[in-house]
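This structure is in structure tokens; I'll ask about it shortly.
Think of it as A, B, C and D in the order they're written, each chain with its own count starting at 1.
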Amino acid sequence: MNDLIMALIAPALIIFACLIARSISILTKLATGLILCHLLVMIKILMPLAIGNTTFLTLLPGFAIDRMSALFLLLTALIASASFAHAQVFFKQEETSGHGLQTAYVRQYYILATLFVVAMMAVYASDNLGFLWISIEATTLLSAGLVYFHRTKNALEATWKYFIICSVGIAFALLGTIFIFASSQHDQQIGSLSCFELVKLAPNLDLGSFKIGFIFCFLGYGTKAGIFPLHSWLPDAHSEAPAPASALLSGSLLNCALFAIWRIYQIAQATGRCQFIQDVTIWAGAVTVVAAALFLVRQYGIKRLWAYSSIENVGLMLVAIGLNSPFLFFLQAINHSLAKVSLFLISGNIIQSTGTKYLKDIRGVFRFAPVWGIVLALSALAVAGVPPFGSFVSEWMILTENFNLKYIIPAILIIFGLTLTFIAVCLHIGPLLLGTPKSTSKIFRPIASSVVPVTLLIGSLILGLTVGYEGLIKVVR
Amino acid sequence: MNFTEILCFIVLFLVLPILISGFIRNLKARLQNRIGSPLLQPLYNLYKLLQKSETISQDASPLFRIVPALNFSIMLILAVLVPWLPFHFSLPGSEIFLVLYLFAAMRFFSIIAALDTGSPFSAFGASREATLSALTEPAIILSLVALGIAYRTSDLNEIFSFSQSHGLMQVSIWLLSGAGLFLASLVELSRMPIDDPTTHLELTMVHEAMVIENSGPNLALIELAYNLRLVVYYGLSAQCFMHALAVLFTIDHATYVLLSILAIFILAFLTAAIESFAVKLAWRNNPEFIAYALTMSLLASLAAIFQSAFASLSLGNLGAFL
Amino acid sequence: MHFSAPYPIYFGVAPLSLFLDPLAAIFVLLLLTVTMASAIFAPSYLRHLTGKINQSYFWINMILFIVGMLMVLLSANAVTFLVFWEIMSLSSAALVASDFSSHKAHKATIIYLGATRIATSLLAIGFLWYYSIFSSWNFVDWKLNSESLPAAILVALGLCIKAGIWPFHIWLPYAHPQAPAPVSALMSGVMIKVAIYAAIRLFVLPGSGSEELAYLFIALGMISALWGIVFALIQTDLKRLLAYSSVENIGLILASVGICLWAQKTGMKEIALISFVAALFHSINHGIFKSLLFLSTGAIDSAMHSREMKNLGGLSKKMPWTSFAFLVGAASACALPPLSGFASKWLIYQGFFTIPCQWHGKAMIGISLVSIGLLAFLGGLALACFTKAFAISFLGRPRSAAINHAKEASPSMLIAQLSLTLITVLMGLLSPQIISFFSLVYQSILVPEEAAISGFAKFVGPSLPLLPLAIVLTLLTCIIYYSVLFRKRKQLKLSMTWECGYGGLEPTMQATAGSFSHSIATIFAPILHYSTRFQISGKDRRHFPEQIQVETEISSLLESSIYSPIINSVRLLSGHFSKLQAGSIHLYLLYVFITLIALLTLGAKS
Amino acid sequence: MTPLEFLSIAAAVFAILMCGTGLLRFNLFLYSLQTFSIALATIAQSQQAKEPELYFVAIAIIVVKALAVPYFLSWISNRIDARSDPGILIPIPITMHAAIVLLGISYPLAKSLPHILWLSDSTVGATVAISLLFTGTLFMLTRRNALSQIIGFLTLENGIYLVAVTCTRGMPFIFEMGSLLDVLVAVMIAGLFVFRIKKSFEHIDVTQLDGLKES
């Protein structure tokens, strides 16, 4: 209980700060400071869970943290800090570039973003499938406002699509949750929604209704996660949101949705009769990877590019889930989050300084902003799974595992998708980085605007060079 | 190789090149109802050229004058390495591929020298020389390789060592290789169906066009090297034919030597005859001619393979085999 | 020598582990030599690119590139290999793009990146497959048998892409010429050899050989040799010419590796030994002389700001040392004795030649005969190609005014070139020793029968007396030159090149790169898509033309009829695919429902 | 026929009728009736299953979903002057007929659900729930008005709720309330966005929201 209050103090303070702060710069600075405190608090609370001996922490009835949730919570806190810290630079530039940024908008942004982060944390912390569902629904409701930040027609359209499609999807997840609940009422039991209990009950679950429940949940949370062909809202929302929000959406929201799938998948694994479910998950992942790659070939917007790349990574994480390897799932998630957040943030900088988000209008980043150019190139490589960055390691392990479990065709599909992605990304960002810049584009606050992305990139690099199977598997078990 | 043979070799080495080219010239003239120049005319020419002073293009680099000397010395080495006479020095390195690449080296340098002055004419010649040599190279190499396969060695001295061997297959290998070599050497030496050494229309020439800028001692070296090359090539194909002969009949060594020299003259005669009676092929038809040389050498190789496949098959038990 | 990194450094599934055996050592030596030359060469070379190339960008990538190659050569397991392989590929791609403003460089980089990524993917699938069979990432544990053959073929194809083997060589003539000269030297000289090294390590060292791989290697190798040299011959850009010539040489090396595999399979120990040494030796030789040629071209480039042969000519007077270095390199590329190129080419010939001498029946004899013929043909074409490259750029009269201002390359550039020249010559002269050393390497790794080795040593020694040959040749040439020509130098008359009496021979009337290769190009017109267009203008066009314009056009058959259709179909597919994302929310909702129904149906069935 | 069955069928009929008209007000009214029936069905169920907390749920549904939400939406439709929905793809009456057909299909589907899912007499309940899912879906797919989409979504939600009521032995109370709250907030936010759409685009036709697409 104490932990819960401690974890919620900083978000509450941020909201309070939003209400009282008078200028944007004070607000952003306060928020940055507070979110970093929050990160420290989270580390303090969760470290024993993540790598220590403690394995379980109950916060409230229905909310409990195990090792995986602790890891993901830390990741969320990290991504949130990164996003908030960079938002400071972002809003500063937005203010100076004369787009008519209103303080109220920024206030609203911070309140929503903070609540959004709290909702995401609730997803990881909830042990109860019902609360899980409610939290995920809450993330949709809260992030819709973030997507709409720019108040343009496109932003509105993206928000509407995001909102409606995700709501429908989540509704199906609710149905799935109900079915799973029903399946636990087999043999005249009272029924349960607690994941941990369900895992224990798994052999007694009614398989037929559980399967239907899983399909609905998979579809519902899959819509939220952006599995092909349910991803339709994702590129729009991710590309229309302001860069720090895109980073949050891509870096943690997708993990949230996948985490929900993983929770249910865990139950499915525990039933011991889940070949179909495993097949569906892995194949859906592989197909998503290939589809995202195909979408990437013809692309016009820089952030849409990264949005599709996120879809691709969702596919990979899904495969990791399907392989029943929480460790790989987390590894892929953290690698993707680090690189993708860095990518979104740096792209945001570039969009701000060139005033366009169309790939064909941006040229010569290496010339006018060498730091950004290098960070962008390296992050893009990191996302594409190029060694020695972390994604390579996790992708390679996923592929190895695929081969071990004889899912060879999905593995080859994934490799095909990754190859195509790499080529497509090179095709798109090559001209963007090289070439002669337009006169209007110039770098702003080169150090401040690259601190966060560079830090994340270094993180990704360290992960790539040091992650070992034995070492981390010890951590997760 | 004993003293007599060395002496013989030196004499032939000195005399034959001049003699053969003079012979071809004279014979051609006679076939065309002219009296023709004396047999030693090439020698006189050489003497004259050596006496002359030299005029070279102002655009030429030092290479232009080094190359003839270099090529001539390569040719001298080749003349010692290649068994174009029935007796030869047992030196290391008389090896099919080494010898062929030494020939290639000569060509390399002569093409470079031809392009050195920036003359369009010699460039024409050089370009054609490069094309022709690329096309003939397989024919020459396969002819020799066929022999190599038959004797299981790539050492020319061993292949051409005067050893009695029998078998219909071997006769055909020797004959086909000889034919292949002779046809290819016509191309290599820019002789008649490919190139007319007597014409002076620059656009049709190959060899003559290449050396159009050379004069005086420079040209003399080139001519000398050319004559030597001619004799070596003819000698090599003559040796092939002689071996075919030697397989069929038992000949003692002295006769064999005489016959070999005679064979070179016969080939020279053939050349003269071809040059008198045939017309020069159009440039685009040259590959067809070269294809014949290649076919001969391929057939020779096939024969060599068959021979090694049916090693036991000889003239004697051919009937049994059939 | 084995080295495994301490625990914290780990690539997920396997540790960073390195090892050094004689085979790797030889390639490392090559790498270090070429690196040294490039490093000496680079600083003054980069001076002419100031403003175009960012120095720190260049050097950082260069270091990454070299370290990448070094570690690839040293890596003991597949994951380490792949990590550094990718670093090597990407940093070299970054180097290709080092001139940010050049559009050609963009195109080259992207093609290169695409190709190298496909190579990596094939390797990845192959490695994973290997792993699933042998449950180990260590190269030492990987055998070549019928079970692992599909994996081996995948890996082989990946390596072929990287090595620039037909039909995957498309990237090479784009990337190599675009890179700065020291980088091209490293790429052509060493990087593509790294692929060969990997092929040797993975397929030859297990010792069991494989006929399928052998036929694949020989076929692809010979075709790429022919294809490469034909394309090299018709190039007008010096660096592109050199790049295509690399395709030729790498093809020959691969064919040799193929023979080695075949011989291992059939138990022909001696042939295996010969062709192994041939592949190794030719790799090293080609590495050295091709780097030399690229560096010399770089020197021209830095003096002239052009590599187009139509702008060159007569450079030997301005840059005598560079032209000397290029000449030696070209001669070595044509395999002229007594240079190093000949020694290794000779071994390749011997590899093919020994097969029909020792083996009966079977298709291999036919293949080897055809290959010998082809090799000879290739030799002829290479000769035409390199005489053209040397003579058109260094000899004749200057084709552009810029040549009058050209200066000899700076001392450091010359040192780089001349040291490589020296190595080329020395390796040729000492070839019997080097060859027996390489055969010892083979012996130390594979322990073949004693007889094969001793027979081999006996057979190489007398056949390749390159050192005496060189001495005799030099002496003879000197004597003849001195006695016949040198004495007459006083009487030498200089005059203009003969011009048929028309007067005024313009430099533009000289043979050009295009016209020199025209007659061969017409023979290969079908695969080159070679066409010539004449335009004659003037009143009486036939007899008194005022202007004649001749244009030749070439395009690669592969690019136009294989790669473009593939790329277009991917684009088309992607185009159709992106129609799914049509912007209609109704459609999107429909996808959700259709997916639901599909999943439910699937669920009901299972 | 038990009261539960009767009320469920009433809900299905209201939903089908809802498909038959393009008038937003009428749609909302029918939606309200449909939700009422479901709330009453909940009460019937609570009596049968002896679960008193379902009373609270039922009351909450009546207040939130049957009264507040329709009122809020009709207020919006007044404010933005959106009266009717012309529909897309298929004419409105045919939508209704299709919904009837789907109701028919729902029965075998409900039958084929695993036996655990329905209590002694809930085949009809399950049928209606599935039919509501179908109807909501159909409604969302065939209407072009943003408000209609919200209504369709709410109908879908009702179907899901009905599944929970009829096919399980009581979902946890807090979960029911939480999801209800979520729906309320969702409708509020959606309403806000409808305002925004009207303001930015001067219409609320979602078929014209197609600016974001691939090439």
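In the analysis below, contacts are C-beta pairs under 8 Å (C-beta built on N, C-alpha and C of every residue); 3 or more make two chains touch, one makes a residue touch a chain.
No experiment lies behind these values; they were computed from the predicted model shown.
Any chain touching subunit A that also touches subunit D appears here: C.
The remaining chains, with subunit C left out and nothing else moved, group by touch as A, D | B. Among the other chains, D has the CA centre that is most remote from the centre of subunit C.
Chains B-C form the pair joined by the most contacting C-beta pairs. Central chain assignment: C. Criterion: smallest distance from chain C-alpha mean to the mean of all protein C-alpha atoms. In whole angstrom, the spacing between the mean C-alpha positions of subunit B and subunit C is 34. We define each chain's centre as the mean of its Cα atoms; on that basis subunit B and subunit D are separated by 99 Å.
Remark: subunit C and subunit D have CA centroids separated by 69 Å (rounded to whole angstrom).
If each chain is reduced to the centroid of its CA atoms, subunit A and subunit B end up 78 Å from each other.
The multi-chain contact residues of subunit C, meaning those touching 2 or more other chains, are 575, 578, 580-581, 585, 589.
Across the assembly, subunit D contributes 140, 149, 206, 209-212, 214-215 as residues in contact with two or more other chains. Pairs of chains in mutual contact: A-C, A-D, B-C, C-D.
Looking at the complex, you find that subunit C touches subunit A at residues 7-13, 15, 54, 79, 82-84, 86-87, 90, 97, 100-101, 105-106, 109-110, 113-114, 117-118, 120-121, 124-125, 128-129, 131-132, 570-571, 573-575, 577-578, 580-581, 585, 587-589, 591-592, 594-596, 599-600, 602-603, 606. The touching residues of subunit D, counted against subunit C in their complex, run 88-89, 137, 140-141, 149, 206-207, 209-215. Interface residues of subunit D facing subunit A in the complex, by the touch rule stated above, are 113-114, 116-117, 133, 140, 146, 149, 153, 156-157, 160, 163-164, 167-172, 174-175, 178-179, 182, 185-186, 189-190, 193, 196-197, 200-201, 206, 209-212, 214-215.
If you check the complex, the residues on subunit B that touch subunit C are 50, 53-59, 61, 63, 65-66, 68-70, 72-74, 76-77, 92-93, 95-98, 100-102, 104-105, 107-108, 111-112, 115-121, 123-124, 126-128, 130-131, 133-138, 140-142, 145, 148-149, 152-155, 202, 212-213, 216-218, 220-221, 283, 287, 294, 297-298, 301, 304-305, 308-309. Chain contact summary for the complex, subunit C toward subunit D: residues 575, 578-586, 589-590, 593.
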